[in-house]
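In the two assemblies presented below, chain A is common to both, partnered first by chain B and then by chain C.
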Partner chain A sequence: MKSRFLKLLALLFAFTLIAAACGDDDAADDGDDMAEGDDGDDIADGDDGDDIADGDDGDDMAEGDDMADGDISITVTGPERDESEAGAIQEVLGAWGDEHGIEVTYLGSADWEAEINVQVEGGNAPDISIFPQPGKLADFARAGHVVPLNDEAAAATAANWSEAWTVFGNVDGVQYGVPVKADLKSLVWYQPARFAANGYEVPETFEDFTDLVDQIAADGETPLCVGIESGQATGWPFTDWVEDMVLRQHGPDVYDQWVAHDIPFNDERIVSTMQAVLDLWTEDNVFASSGSIAATSFQDNGQPLIDGDCFMHRQASFFSAFMPEGTSFGDGEGEVNVFYFPDINGDRPVLGAGTLAAAFNDNDATMALLAYLSTPDYAEARQVSQATRKGGGATLSGFLSAAQGQDPSVYQPLEQSFLNVLETAAIVRFDGSDLMPADVGAGTFWTEGTSFVNGDITAQEAADRIEASWP
Partner chain B sequence: MQGAILSGEDLSKIISTLVLIVVAVGASASLWIGVNLLFNQVRTSWTRFNALAGYAVGFLLLLLLQGNRLLKPHGPDADSITRLGELLWTPLLGALIFSALAVILANNDDQTRRLWIASGSGLLLGGFIGIRLAEDARPELEILPLLLSTIVIAGIGAGIALLRGRNPVPAALIGVALGWLIGGFGVPELGDGSALESAIAAAVPGLAIGARIGLTKNAGVVGRARIDAKSRGAIFLVPALFFVTVSLIAPTLITIWLSLKDEDSVDLVWFENYGSVFTDINSFDVGNWTNIFTSLLFVLGVLVGLGGLAIGLVLRKRTGDGFSAGGPAFAPLMIAMVMIVFGVLSVLRGTIMNNLWWVFTVTVFSTGLGLAIAVLADRAKLESVAKSIIFMPMAISLVGASIIWRLVYVARDTSKSQTGLMNAVWVELGRWSTGSGLPTVLGTVLVWVLVALGVASISRSLTSRTYDKIPLRALATIVLLWIAYRFTFDGIGGFRTNSAGETVPDTIFFVQDQPFNNVWLMVILIWIQTGFAMVIMSAAIKAVPTELIEAAKVDGATESQVFWRVTLPQIRTTIGVVVTTLIVLVMKVYDIVKVVTNGNFGSQVLANDMFEEAFLFSNTGVGAALAVILFVSVLPVMVLNIRRMQREA
Partner chain C sequence: MSGNRPGVDTAIYGFLRRIPTGVLWMIVLLWSLPTLGLAVNSFRTRDNQRNAGWWNVWRDDGLTMENYDVVFSASATAGLKESLLNSFAIAIPATVIPIAFAAFAAYAFAWIDFKGRKWLFIATVSLLAIPLQVALIPLLRLYNFGSHWTIPFLEKTVTLIPDFDLVNTTTAVWLTHTGFALPFAIFLLHNYISELPSDLFEAARIDGADHFTIFWRLVLPLSIPVLAAFAIFQFLWTWNDFLIANTMAGTNPDAIATTIRIANLAGDFGRNEHLLPAAAFVQAFFPLVVFFALQRFFVRGILAGSVKG
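The block that comes next holds the complex of A and B.
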């Protein structure tokens, strides 16, 4: 009986100790919450200065055994996960990290759009994420999830990028994002030699372009390759077409109003533009390698262009990455080149896109990395690394940056011509679907657009439904 | 991630996780054993039990308060040792006080004195904790909600006690404590109140709980025995209940709560989210309901159904048995039901309708096919081989199966050869039926031979007077006749006539063409789930006593009569289990739609919609509402299933 009581006491004591140990953990967790409470969500918890200091302390204690060597590590996530793209990012960021004694890890994910929401809402955000959609960045910025650039990073961004680009990372007057990549969307890919053999000329105006389409169709060939299937993001090539056409038909002002929802999505002009795109995509005009436009994957349009199943493919500069292996770029036999998707009013508008990096905390190391991401050094290093991974030589990397002060020699001639277009364009507009709220830009604009292209609903119905979904 | 080699960091993470698991398991085990040992003391040493229990309660209570930084902390400059000490000493002090109180109460039998001691020390302890509360946890008391919630909850407690025929005072006291806590700390903003207010907010619940304890009689020998006996059940139940609460009940309640709030989970919008789900044309579109009556499937279904009904009625008049399972009217009625449901659901569109369609189709076909295979393979040659092959898709993940079937369904531009199996077959069929080569001739002969066989089977039924088999055979022959006619004259399969009048191949967009792309997606799940249904029902069929079957045969029953009248009633409960399991599973279908169409082309289902709303568009409210709709629609089936299981047990 006596010994049993002693056992009981021993157990109770052990329990007390364990509970105390767990309690310490609790305190550390609590500290985490407090640190996140910075953005003012947790009013109930209260942002007592003492508590935050305590919390941080506890945090460090808890993590102490994870990082015994005291290294700083930064995690960067993004949608680019191709071996060449993700590998290049990892290589360049890793090299920067080695220089500064920081371990930088890049994690690319095909499902980035879904994952970043889950991570942020679960309080498990990465240090930096690369946003393909300024609209999403703005959502996060307004919700207080991403933090503004510190002075150093903001100054670096302003010094390295023109305002036409930095504005996409600017939310309500505060700079949150650093542009890291630029894509040029108003391009048409074609084979100059095949054009010459058939006596076709590169169109200078939009009318020339439609005439050329009609002529090719009349010759019994197929003028265009179109495919809008893209897994989770099915429909985005259609939205690109619509945006490019809105910019051409109605000008940048209407475009801006449309994107900002100052005019409704089902505005007559937008509906007519959507219809105009589909009118161009008639059965005779389009080669769709999977039978229908909605079923054809956007990556699958390179091979038919090379094979001569179609003559032209309107797609962004990064499409070079989706050309079949061994494709060379230029004006020779079998080579592929691009021409500017012609304008209607002579104002040469350019539809661009790109990625922006933004941080979820304002640690010095995170901000220093953001500042580095804005530099031409980063762009050059990434370009060299990515081109090498793609095969080196004359292959295109698929990467493009509009950072100022880059050494143009790291780019291939075709890429230099892209840069030229970007630098000389008077009107640059960011891909509208990336600026719209996610419900529309990554939701109904894609899905209803796909239904429209598939012939299930009319342009008016699609626009009405998209308008109804605008939050 | 580069490379597969574990880095030092990975390793240390794994180790710390393992250590955490060991500590957690060890702590849980010792806690459980400790509580058991504690209650061992009840019978033999009442005082000791009270001392230890009071110690544990006091320690836990103050540890929770201190650990969550609800008690006044030291200044920010306090080092970690001081704070660790604080974390340990406050609970230890509290534990000792509670322990002492419990010992005093355990040795006091006088009712008045008990009440005074308990309620007085409750008041003091509560007040003291209230004064010591950290500044940001102090409530700014609002009298009205405080009194209101106290009265309401106390009333509820008393009411329940009265309904159960008990003394209402103890329950009312607990209600007072709860209500005062909720009204005092739950309603107002925390952090603005004074020490006095927080003392009041904490002292009253202390008083109420103290009084509740003081009201109890000090347990005598009988009472102690009862505590000992009752505690064992609780000790076994509490851990499980705790985990169920944390991992199941709490998330459910939180989801329901979130579904009543707006997209940022800030403002209460009540049922707006549910309203928006049902008014969204993409989730619920029944505007075209008049088209049901012009849909070919529906009309044919009604015709076949009427035929079946007529046969059944005539038979009932003649033999008194018109509509029994397996009878002549059974097959036409079943076919008619499927056709009518397909007809209706191909017209009424939207996410919710899609889910209903999925549930109906996959459940009916998986169960039906599984049953048919189980019966046909029973005692056949190579039974195990055949069943293994049917069961094999179960081993493939849903995502893997979806990718396989996407490749089967794929269509290519008609100028290229088809790589998808279905379209390759379909286009080739079109080529044969419109061509003039040897395949065309052979095909024509084949289809007409099939028709002839159908006619022969009908005439044999006529001569052998097995009239009950005629309706099904006639239906099959009509379908064959139609195919043969099309093959010979119009052509059948993947072809079309282009503007120049030439016959060119034409593909079917299995995944893109609405609304029957849904059915092609369902085929994937049927392919997977038939194996499951088959295995379960095969086992049930083998469990049917052979005596019953032999007796039926001795009485002159045919094989089909044995099946419909002996085997089937015997395995009815198993079929019920399979059906309910399938309904629950299909209701939650997600992976297939996600992989094959991602909800495009009118194939959206609730689970994928929920995921997109909640995690892609950050509409937490609508996402939660969809989750609740899904949950509520699965609930009745779950209840049915559980009740059946309980009845069987």
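The block that comes next holds the complex of A and C.
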């Protein structure tokens, strides 16, 4: 009886192994297919490439001959998905489509990053996708998944955006991406009236900033609000701090080398910067509403700033969306404003982020839409639509574009000051964790960084582990 | 001593007897707490949700229906009605079809003595070990391109499965669910059907019933509890599925399921996370209806065979 049972178990196990092996086979086959696709030539000539091109414009669009009216449709996907943002994008792109007789559909995705991989490999890519990470765009460009801009779209992009921004969509000298949105990260949120009441001044240099932190702490108040909890992405506010500080302490060249892995992640300069960030986050200096920095959601720092539990909060321009309802922005009593996170060497570097649109086919209609996405017209229309959807009036839209030639009056005063910082910055660097390979930039940099902030490991250990995980 | 007064022993016995029920009630309360918290939070404003836990609700300056308003009216990804209809278009076929197939298969495995029956059953059950996720991309390619095979040396390409253009349709979603539900469905139904008393089948056969009659007249009515139990699980699983719906039909706004719509409502950086409790209740409404509609079968399914009636 027992031996029969064992035999059955062994059989089951054997079958499981076989089944698993078959599963692996499938995966391996698929890998091969992709490898073939990667050659570039195959994309154009091979089965896969043909199918992608035909599938999307041939079948879906029925008989529509390229730019002929009516049947052409363009699908755009991207990570922006909430009601006001996706709604604004759809409205603006839809209006453009109506003008040109093209049906444009925008679809945001909560899981964009994983989804786009599967769609591309499964042959179901959209016409255009909006990439939050230049690193990902570069990977796709080198693999031949996205296509370079045609002359018209490339010219429009070059005309409408400064080189500091277009460079993020440039892969090996070829322009693939069109910048469509800009976020400004080197900002500190504060309440001007509370600063005035306590006799504090907005710091001009980084030394002023640390002096101010010390002074506020000495006065028995708490200078900083810090929280790095963000669900699966816990730790990213820490990486932003580190990036901002690397840019300040060691300059843009070291920053570029660090991001491109020309210097190792555990280079002593990076390690010392990580330590410097944590040295600033002492118990006296930081208010963390949930008890510890790692347990406090970055989103929860708006209320303490208003309540006066802390004086300053370094966070990106989009943080306006997390301020308590009814917060107004300006220098008056109870109002919130921002100052530029001061620099050390006087070179005013700015840490930014944003999104880039890139196409998976080079149809005329797709390229025409990309060209439109680069224009200030698009930025203004989206800003107006999104601000209205957020409630209108003095509400901040959360959208920002560094496209040149926008009418500043579509932005609120605070947003205009963001634009001012973006325009006057000589050095703009993209959020490094978005440029690094995903295993690091959306992986170990977050997790090991969080362990470091928790005090479980030292800066050196964290940097060593991140370096070891670099693919 | 008056004979009618309950003795001490009875009192203690009665008390002890109630302890397990009391403990069970405690567990019920404990397990319901998160749901209660979610329910309370769904009526609180964003700032209140952010600043204090739901148990501080009595300190709030009033409750709001605003979250529900937004959940009902949001239309950027898809309207509520469209997304619910899509979810039904996925969950209903993905529940009914596996049950239909699996019931036939389970009967055959249990009561038809064909050659290789046991090996085939072992192979089917072994398929339980294959996670759906590894098949996502191959399946997507299948839906998108069909399946073609080039015969070596002859340079002849044979179309094994034509391109049905299923990608971005709800059909692709429920087809995937169906395929991966079958092994478990067959396994579960087989275990139940194979334990039906064999006397029944012999009697039926003596009366001249063929396999189909036995299946239709005997097995199906007797299996209703287990069918209902499986239906509940399968409906819940497909209704709440995000991954497959998103992969197979995620770029077609006309085929968006409710789960995707809700995930999109939250916004990037969790900007609108305060909408999620309300959205969760909208999402949970229909599975609750299904559960309560089928629960009497469900209970019977668990107790089936424990008492002779």
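The rule is simple: the second predicted complex is superposed on the first by the 401 of 471 C-alpha atoms of A that agree within 3 Å, B and C clash if a C-alpha of one lies under 4 Å from a C-alpha of the other, contacts with A are read in each partner's own complex, and residues count from 1 in each chain.
Convention: a residue touches a chain if its C-beta (ideal position, glycine included) is under 8 Å from a C-beta of that chain, and two chains touch if they have at least 3 such contacts.
The structure displayed is predicted, hence computed values, not measured ones.
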item	value
Which superposed partner A:465 touches (first chain B, second chain C, both, neither)	first
Which of chain B and chain C A:107 touches, first, second, both or neither	both
First (chain B), second (chain C), both or neither touched by A:234	first
Contacts of A:90 with chain B and chain C, given as first, second, both or neither	both
Partner chain in contact with A:290 - chain B first, chain C second, else both or neither	first
Chain B versus chain C as contact partner of A:443, first or second or both or neither	first
Contacts of A:118 with chain B and chain C, given as first, second, both or neither	both
Chain A: partner with more touched residues, chain B or chain C	B
Touched partner set for A:391, first chain B, second chain C, both or neither	neither
Residues of chain A that lie at the interface with chain B and also at the interface with chain C	11-12, 15-16, 18-20, 22-23, 26-27, 30, 51, 87, 90, 105, 107, 118, 231
Residue ranges of chain A in contact with chain C within the complex	11-12, 15-16, 18-20, 22-23, 26-27, 29-30, 33, 47, 51, 55, 59, 75, 77, 79-87, 90, 105, 107-111, 115, 118-119, 121-124, 126, 230-231, 299-300, 302-303, 318, 321-322, 324-325, 398
Residues of chain A defined as touching chain B within the complex	4-5, 7-8, 11-12, 14-16, 18-24, 26-27, 30, 43-46, 48-51, 53-54, 57, 61, 65-68, 73, 87, 90, 105, 107, 113-114, 117-118, 139, 143, 231-232, 234-235, 287-292, 294-295, 309, 438-439, 442-443, 447, 450-451, 454, 456, 465, 471
Touch list for chain B against partner chain A, complex	1-2, 9, 12-13, 16, 23, 26-27, 30-31, 33-34, 37-38, 41, 48, 52, 55-56, 59-60, 63, 66-69, 73, 75-76, 80, 83-84, 87-88, 91-92, 135-136, 189-191, 263-264, 281-282, 410-416, 507, 509, 511-512, 514, 598-602, 611-612, 615-619
Chain C residues within the chain A interface of the complex	45-47, 50-51, 70, 74-77, 122-123, 125-127, 129-131, 134-141, 143-145, 148, 165, 167-168, 242, 246-247, 250-253, 256, 260, 263-273
